[in-house]
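Chain lettering (A, B, C and D) follows the sequence in which the chains are written, and residue indices restart at 1 in each chain.
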Amino acid sequence: MAKIVSLADGIAELVHDGDVVALEGFTHLIPFAAGHEIIRQGRRGLTLVRMTPDVIYDQLIGAGCASRLVFSWGGNPGVGSLHRFRDAVQHSWPAPLELEEHSHAGMANRYVAGASGLPFAVLRGYTGTDLPRHTATIRTVDCPFTGETLTALPALRPDVTVVHAQRADRVGNVQMWGITGVQKEAVLAARRSLVTVEEFVDELTPVPGQVVLPGWAITAVARVPGGAHPSYTQGYSVRDNDFYRDWDAISRDRDTFRAWIARHVLTTEVPA
Amino acid sequence: MAKIVSLADGIAELVHDGDVVALEGFTHLIPFAAGHEIIRQGRRGLTLVRMTPDVIYDQLIGAGCASRLVFSWGGNPGVGSLHRFRDAVQHSWPAPLELEEHSHAGMANRYVAGASGLPFAVLRGYTGTDLPRHTATIRTVDCPFTGETLTALPALRPDVTVVHAQRADRVGNVQMWGITGVQKEAVLAARRSLVTVEEFVDELTPVPGQVVLPGWAITAVARVPGGAHPSYTQGYSVRDNDFYRDWDAISRDRDTFRAWIARHVLTTEVPA
Amino acid sequence: MSAADWSADEMMTVAAARQLRDGTVCFVGIGLPSTAANLARVTHAPGLVLVYESGCLGAKPDRLPLSIGDGILADTADAVVSVPEVFNYWLQPGRIDVGFLGAAQLDRHGNINTTVIGGSYADPAVRLPGAGGAPEIAASCGEVVVIVRQSRRTFTGRVDFVTSVGYGTGPGDRARLGLRGGGPRTVITDLGVLEPDPATGELTLTRLHPGVTVEQARAATGWPLAVADGLTTNEPPTPDELAALRALQATLKATP
Amino acid sequence: MSAADWSADEMMTVAAARQLRDGTVCFVGIGLPSTAANLARVTHAPGLVLVYESGCLGAKPDRLPLSIGDGILADTADAVVSVPEVFNYWLQPGRIDVGFLGAAQLDRHGNINTTVIGGSYADPAVRLPGAGGAPEIAASCGEVVVIVRQSRRTFTGRVDFVTSVGYGTGPGDRARLGLRGGGPRTVITDLGVLEPDPATGELTLTRLHPGVTVEQARAATGWPLAVADGLTTNEPPTPDELAALRALQATLKATP
């Protein structure tokens, strides 16, 4: 049975300096509010894990929370580059950022292996690319039946995974629907987990396309209405596409970025 | 886009003597009518694949369709033994039945590997049991990162998989819900597939817990109302528990069994 | 209540239900395990989480399911997942606290046979259903509870086929094999309860059901049965337990 | 229609849409590929199946999605599956006929770079987003269509980083690497179309857009561009194609 907590308490209890932290959500249901709370609480030295480090990771990186990034695609979807990510990689600002770079298929399978209690994943991937030259966590394994060589990747086991979902019931069973990405796997792969939800309800009426995560498989649930903004929560909010476009200008300059964080993250619970 | 066929044409076109055939359905949605059509068409030398060979495989084995069985649990659920299966194994009646025996976890993962286009599956399983002494398709693989030894199994790639579902639309998109077992994986692992459905509808209204198989991933769909009887189809029919109990007596004796098959399978399209 | 008021099977089921602590997650097979788990849920363990291998997580049936894939399980589950998922995401990583297993043969180290008896594997005297989910349940659950009627045929010195591993040939075997779960901590029979001796891993009689003697238990065991120093006698079923159990079993007959 | 009536980007998108046969299954990225695939669907290929890596199979959006995880994709899909499933059950086994890819750099053998440009991997001049789904799309789809604006900076003799494999260093490389898909069969630019020479695997100019010259294409290519013997000129966008494309693009502006 998951513990019901406030966002601030949940982050304080579950996310520690130096942790391996995954915030997942594939365009939809990105746990922005939780990311902002991590910035507010000043976490340092995090290894951030995420298939698509987009604006939320740009913010965490620019705010100096991260020392390492495990990822497969780092961009502002539909807009362009992540300037804080680039600045960290190209100029070590505000701190050097070590990269562990994979493909989507690889990251997804690494979470699957983690969720399955296996030490590694097998897939057809990476072959012929330059990724294995630079990423130490890409190896091969031979099929014991056909002899064929396949790609092997180590399981992802974050210290903590944070996701956002539509709702939860009073014992912390979590329900999400729409595009649910790799969230189930990311939660089950982690040692601890925090789910932010739009609301608590007495009963989780079944919804087509739902993924339900039982409360006993989750560490804590926090009510954070609008917790995915500027990402969206199907059935609750729409994506703030303007914000994603605006982020390009906000994040391009270090001072503009710092001013934005000071005003919208450090001084408020949830950004307007 | 799946082809819409009659059951008889579907079986005639897709199931050939000597094929590796999987009929899946986990208590729910077992494609009995399709199995009966295979008996009526007199297929021989089949390798039957199924996690839980229950009454439908008892019938196929007793009718002489099978020469090999790949499985993980062969019984009449909640009732007892499968007498035709036992008779084939213990007395080679009506024909010898070669066994390839696995566990549920193993069979499920073999389908997953087949559906994923991988030659093998990795799991924690079988260790310390006597299964690897007798089943050649259980080997080991070492994790290239931790050195840990895990169990490896070859992918299942049936020539044809047959499943039953609630309904399909006019282009053969198939919708099933309730307990959906390993059916998606079994269909996607197969070279060809046939889905029997309760009905065709113009539009597949979303249903909580649904699994939708796109028509372009299925070979053929046939309308067979009641095609899961005496198993059940959630939302359409309930399980005929009496039949499962009665089967114990029907199947215990070779002649009683033959008379039942003659009367209920060979002379009718769908058993009453 | 006196022994005349309840059967040995009822005592066995009640003893199994008592074994389940509230709030734990339990992997349930059909038959006695399902009855015991549901009895626990309607008596002392309302927060018991039932997981069925058909993919039903947190099923809360208001009648006994007739099969592992009974529609009532899907209808009342917190989540219905695929069969690969239930094994890979839920059982394999050790998320299940207690696994229930039956046995056609059980040996002194808690190894279980549900595959073949007598003859050889290729030409057995009796062909049984086989493994199902049992090998991985036995390997991966926090602990295993075996429910089985006790007889010399079933309780054998060495099983004819190891379908599911208990303690192998003794202590250390599970660790050597890399099995992560705790193994069979409790064997509940119609005569009493056996538990592994921590030093030897051998199943030892630790509790008797009311009215059963050590001699009866020894007579129904195919190896020289060790008896624990602190041998106790189980409390008989309470009227509440018995009423709840019989109400549950009546639902079986009421289901078409 | 004359060139004054449409832009080079419109011609590129129309040419890409024409490449898609009705009834095929197409793995679509956001931006130009999504626009082209949706244009094909509203014009000549109503039965085109769009698969988005966010897990939406058979999406039928009535406006252009703004991101790969736009809610309109889930709302209109035949099925929404998890991200692991879309890669493992749908892409990896070769169920996708056509994969669309963009490129920051593309070399003469169709290898693609979307990772780093200049400097070293550890200290690059420009850090790009990285691989995303591209390496496995390039490996496993029946064929790949690359859509990219042509310039000497982008069309380079050798990519700085191989993110996604085209024909490696030449014919035979894909087979040697065990890549099961056909590789990049078509590269569509704002100037024309390049296709691999079957003998060498080298991208060769096979079609020009109306009004574009071979010299322009050569000037925008960082290697000595081979020109096919049967070089043809694409039909300009038809009024219907152009109207449909502009109607689609207007939906982008209408979405909040």
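For the reader, a short list of remarks on this structure follows.
Here, a contact is a pair of C-beta atoms (placed from the backbone, for glycine too) under 8 Å apart; a residue touches a chain by one contact, two chains touch by 3 or more.
The structure presented is a predicted model; accordingly, all values stated were derived computationally and were not measured.
The distance from the centre of chain A to the centre of chain C, each centre being the mean of the chain's C-alpha atoms, comes to 40 Å. The geometric centre of chain C is 57 Å away from that of chain D, both derived from CA atoms. Multi-chain contact residues of chain B (touching two or more other chains) are listed as 117-118, 123-124, 148, 184-185, 209, 211. Touching two or more other chains at once are residues 88, 92, 140, 180 of chain C. Taken as a contact graph, the chains fit none of the simple arrangements: neither line, ring, star nor complete graph. Of all possible chain pairs, those that touch are A-B, A-C, A-D, B-C, B-D. Residues 26-28, 51-52, 71-75, 77-78, 81-82, 85-86, 89-90, 101-105, 108-109, 111-112, 123-131, 133-134, 148-149, 178-182, 184-185, 209, 211, 232, 234, 238-239, 241-242 of chain A touch chain D in their complex. Against chain A, in their complex, chain C makes its touches with residues 23, 25, 47, 49, 57-58, 78-79, 88-89, 92-95, 140, 180.
Chain A meets chain C in the complex at residues 1, 112, 115-118, 173, 184-185, 188, 204, 211-214, 216-217.
Chain A makes touch with chain B in their complex at residues 117-120, 122-124, 137, 139-141, 143-146, 148, 150, 152, 154, 206-210. Chain C meets chain B in the complex at residues 30-31, 53-56, 66-71, 73-74, 80, 82-84, 87-88, 91-92, 115, 121-136, 139-140, 161-165, 168, 173-174, 177-180, 255-256.
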